[in-house]
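Here chain A shows up in two complexes: once beside chain B, once beside chain C.
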Partner chain A sequence: MLAGIDYFVVIAYLIGILLLGYYFKRFVDTSEDYFLGGRSLPFWAIGMSIVVSDIGALDFVGVSGQAYRYGISVGNFDWIGSVPAMLLAAFIFIPYFWKGGMYTIPEYLGRRYNKYVRTAASVTWIVFFAVDLGVLFWASAVLLNVLMGWPIWLSIFVTAAVVGLYTYFGGITAVVMTDVVQLIIMFVGGFTLVFLSFYYIGGWDALVEKIYALGPEYARHFDLIQPSTSNTPFPWTGILFGLTFVMANAYMIGNQAIVQRCLTAKNEWHAKASMIFASGLKMLIPLLVLFPGLVAIILFPDLKDGDQALPMMIKKILPPGLIGLMFSAFFAGLMSSVDSMLNSTATLFTKDIYQPFIKKNAEDKHYLLVGKLTTLALLVIGVATAPISSLYPGIYVAIQTFLSFFQGPLFAILLLGIFWKRATQWGGLSGLVIGIAFAFYLNLFSESIFTIEDPFLYVSWWSFVLAFIVTIVVTFFTEPYSAEKLDGLVYKVHKADSK
Partner chain B sequence: MLNFDWLAGVSVESAKWFFYGLFILIGLLIIIIPNEYIFEGIEVENRHWWMNLKIWALAVMAVLYYTYYLF
Partner chain C sequence: MTKEDKAKEKSAQINNALGVFILFFGIVILIATTHTNTYIGEMTNLVAGLILCAIGAGMIIKSWMTIKKLKTSNQD
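Right after this comes the complex of A and B.
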């Protein structure tokens, strides 16, 4: 499917990213440089990095497919399912993490509650990222193979080589600065497809008119709010309670890959501004991914699999050269996701596991080396385990579901930890453990408990509610920390309060 | 209860008002954040009106509100 000029575009893009990333090697002397970019990065770079890390090649295809099947309601995930949470993170949580000089979210949980909470949270994220890395490699490579005929192992090796090289040497600074270019490539490629799609179909009004004319089953395709009785995965009750109140906050506040970027900011204002700037960019993402799926309804009304919508649109609409650009956009999505996982997992392992449990009080250079070697080891594990995914077709969805088990309870203890000084270490630990166990139970028996398709939003909400209640109940039976111990960890609690 | 069937009687039009209400509440909370807190990290002599993050956040919320109003 790729023409000569497309190959030129893709190869130029890959070489450019590699050189740019490698350039940032010169700024890495300490572990703080490697994990936090020396706390020197500007808000605009961090904001762009947050957005591009959040959307991968699979999301491009998957969300377009969902727009094909369910309409624009899938846009809720990037609008109400992101923006309010990002503002809450920017104004409340990020400043506390930044001022505390944290490297990881589990580090905050460890200081606020205890080392068990820290270790449980950190191990969960490490396992999730490590397993997801191989799965992501394979699923994305298969996608690129289907879309462009690019050999699977070539995709994996090229991605691993390029990302591995700049992430190993340049740390998070290389990750963030290459993400800036990745976002620009993604936006140029994506918006070109959207613009040409609309040109092809005759504009927005023509699109709406033609879709409504297809029949009553398309009557709600342009409604963001779906009835609570809808059997799609997006009834308004799930969007409001599960997504807006829990999953979005857990993702934007409790996800190491997102928050670590804000901690690289040069000062507190830049840390806050990065998240707000990212929220503005995030508003644009649905435009990139929804519209090709909607236009495909008109051009290819009989697709059995909605995920074929975007590949079909690319083949139909884009001329040679622009296909290479779109292919680069997919690569950008894949690479930005992989580099985030590598650097975040290396940070979690070095700071939350290696430093406290394996070798305390070593020289800084030692931890820098451990971070780099962890990055390399993860990359090798990711590549080596990638083909295992082909043996388990549902593994990608299973891993994303696994994340939803964890997010509700994690957000419950983060919320109580920062806003309620009475919350105790045992309250937090009980809330986390019982909440995760409840999420497993709900998911295991989801078919007999829930009526909607794929009820992960409801699972998140109810596991959050239980974890919240358990934390409060156990807190009242256990001893709280002093205000001195909680200084800088809880909203409006200062040392002076203890005097 | 876990399926929110107790909210089945709420129409989509009424549900929209929950969303609008949430946006307005967030907007009001943004407005009452003290300016000193917003500018923390920037020296007083280097502060400009366009660096007021409340304006950025309110602009994003306004676009979000309008998006849900349209659809």
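Right after this comes the complex of A and C.
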């Protein structure tokens, strides 16, 4: 359990972040303020927010857990699995989304293909975020349970109350700015943990030697590239085809929670710069999360759940005060992922479902209220679905598996949509629907189709390939749009081309 | 006040709030040095606390300077 000063820090952090989020209420007058921060945010804040939203749940708890189980190969997710995709997003995709004045990725797909594609993509993201919220609430509960000794359900309710309130009041400005604080504290605490981990274990060489000495099952723990026959979730074939080609690009280019942040930028330059700045910060993340996971193998060799590795390390190594702060930041990282999902889902529902189908041409205040009420409704769904993630071997695997149901097909039509002017509305719709159906099939029958334990990388790759082919084939049998209609939506296509 | 000045003022107000938050936790970590039993623990809290205080104070000072500059230019 924590010392008195640590309890004070955790409680003060929770109250402080709530007040900070509430303070940003003063900047919310319109729905554009709520969903896009009035398009006035600077690149550094957006870049930090992109990173902390991503690493909140995925890296700190989950990647440390995976490093504990499988070694450093999980670091590929932040290096090769993020940086190239972020640069591609910055230079090619983000400028189109920003210049188009869009709120959501499905909005782009709707303009590029048709309203059915927009609705299908939007509903898919909403369902994913709703389920993912449950996973993140569960992750928070595991943390609070280990460090504070609070019961799981109490932890879930505390998280939901704090995050829900500041997101409800402050919208995306509160989301981005609380992320800035969280990243600064996370980096200070994280690097301190890495430094002390090495201090206690005796340095890098001692760490390698001690882990190899544990037995042959640890022989590949320091291999960044795993063979294709590896039974870990990270064989090189999956990393290259599933992660680098598909999931990373789909995540950085087609993920509403990520892209929406860039759309809050004050101008196009800031939108691009935010993603480039984020890619620089992202390269540091594996240093923060892998090493504590590896050191935990020596200090806590018998952990049943790898996701407990990092909380145990914090408790064992950091001094009082910093334990509380690190845990707060760690917890705040999870809150950051939750607030991103809440705000993004509210945006998707309000802009892609409510506004076009339920109530067109209402006053702006009405849509602002709908966005806020959607945030509250999602909190309830997230809390109710939290126990689902306990069925998976780790938080990270749970999230990646959920993503693999649709990331590949969505990215396929996004890629063809922006780079191939011939791609037609029916090609895009067919590719999306058939690709998602195929991903469902692969996930449902994964045990008989794949030899590895968690084949989400392969599912993403093959569903991407099928969606890509289907879109192309159907396109050749259907009528394309004119260049005029595609102006500003397709790479290097302008109105002048139609004349 | 122009639209650009308003955006700058908003940005400064946000930075001020963030700076106060970070400075507060920097001070708490410095206080926690007195609750630490080991030398390495004390040094860790001291360095981490000072870094947080420096970042927080830097943000507050920068935002104050921006707000002051905006007020002065508007009076002119």
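Quick notes on this structure:
What we mean here is this: the second predicted complex is superposed on the first by the 449 of 499 C-alpha atoms of A that agree within 3 Å, B and C clash if a C-alpha of one lies under 4 Å from a C-alpha of the other, contacts with A are read in each partner's own complex, and residues count from 1 in each chain.
Simple rule for what comes next: contacts are C-beta pairs under 8 Å (C-beta built on N, C-alpha and C of every residue); 3 or more make two chains touch, one makes a residue touch a chain.
Everything numeric in this text was worked out from a predicted model, so none of it was measured.
By the touch criterion defined above, A:S448 lies against neither chain B nor chain C after alignment on the C-alpha atoms of chain A. Residue contacts after overlaying the shared chain place A:Y199 against chain C, while chain B stays out of touching range.
Looking at the shared chain after the overlay, A:G321 reaches chain C, while chain B stays out of its contact range.
Of the two partner chains placed by the overlay, only chain B lies in contact with A:P227; chain C stays clear of it.
When the two structures are aligned on the shared chain, A:I72 is found in touch with chain B, with no touch to chain C. When both complexes are overlaid on chain A, the residue A:N361 reaches neither chain B nor chain C. On the chain B side of its complex with chain A, the touching residues are 2-5, 7-8, 10-12, 15-16, 18-19, 22-23, 26, 30, 33, 38-42, 51, 53, 56-57, 59-61, 63-64, 67-68, 71.
The part of chain C that touches chain A in the complex is made up of residues 7, 10-11, 14, 17-18, 21-22, 24-25, 28-29, 31-33, 35-36, 38, 40-42, 44-45, 47-49, 51-52, 55. Residues 3-5, 8-9, 12-13, 16-17, 20, 23-24, 27, 40, 42, 173, 177, 180-181, 184-185, 188-189, 192, 195-196, 199, 266, 318-322, 324-325 of chain A are the ones touching chain C in the complex.
Remark: chain A residues 72, 79-80, 83-84, 87, 90-91, 95, 222-229, 235-238, 240-241, 244, 267-273, 276-277, 279-280, 283, 442, 449-452, 458, 462 touch chain B in the complex.
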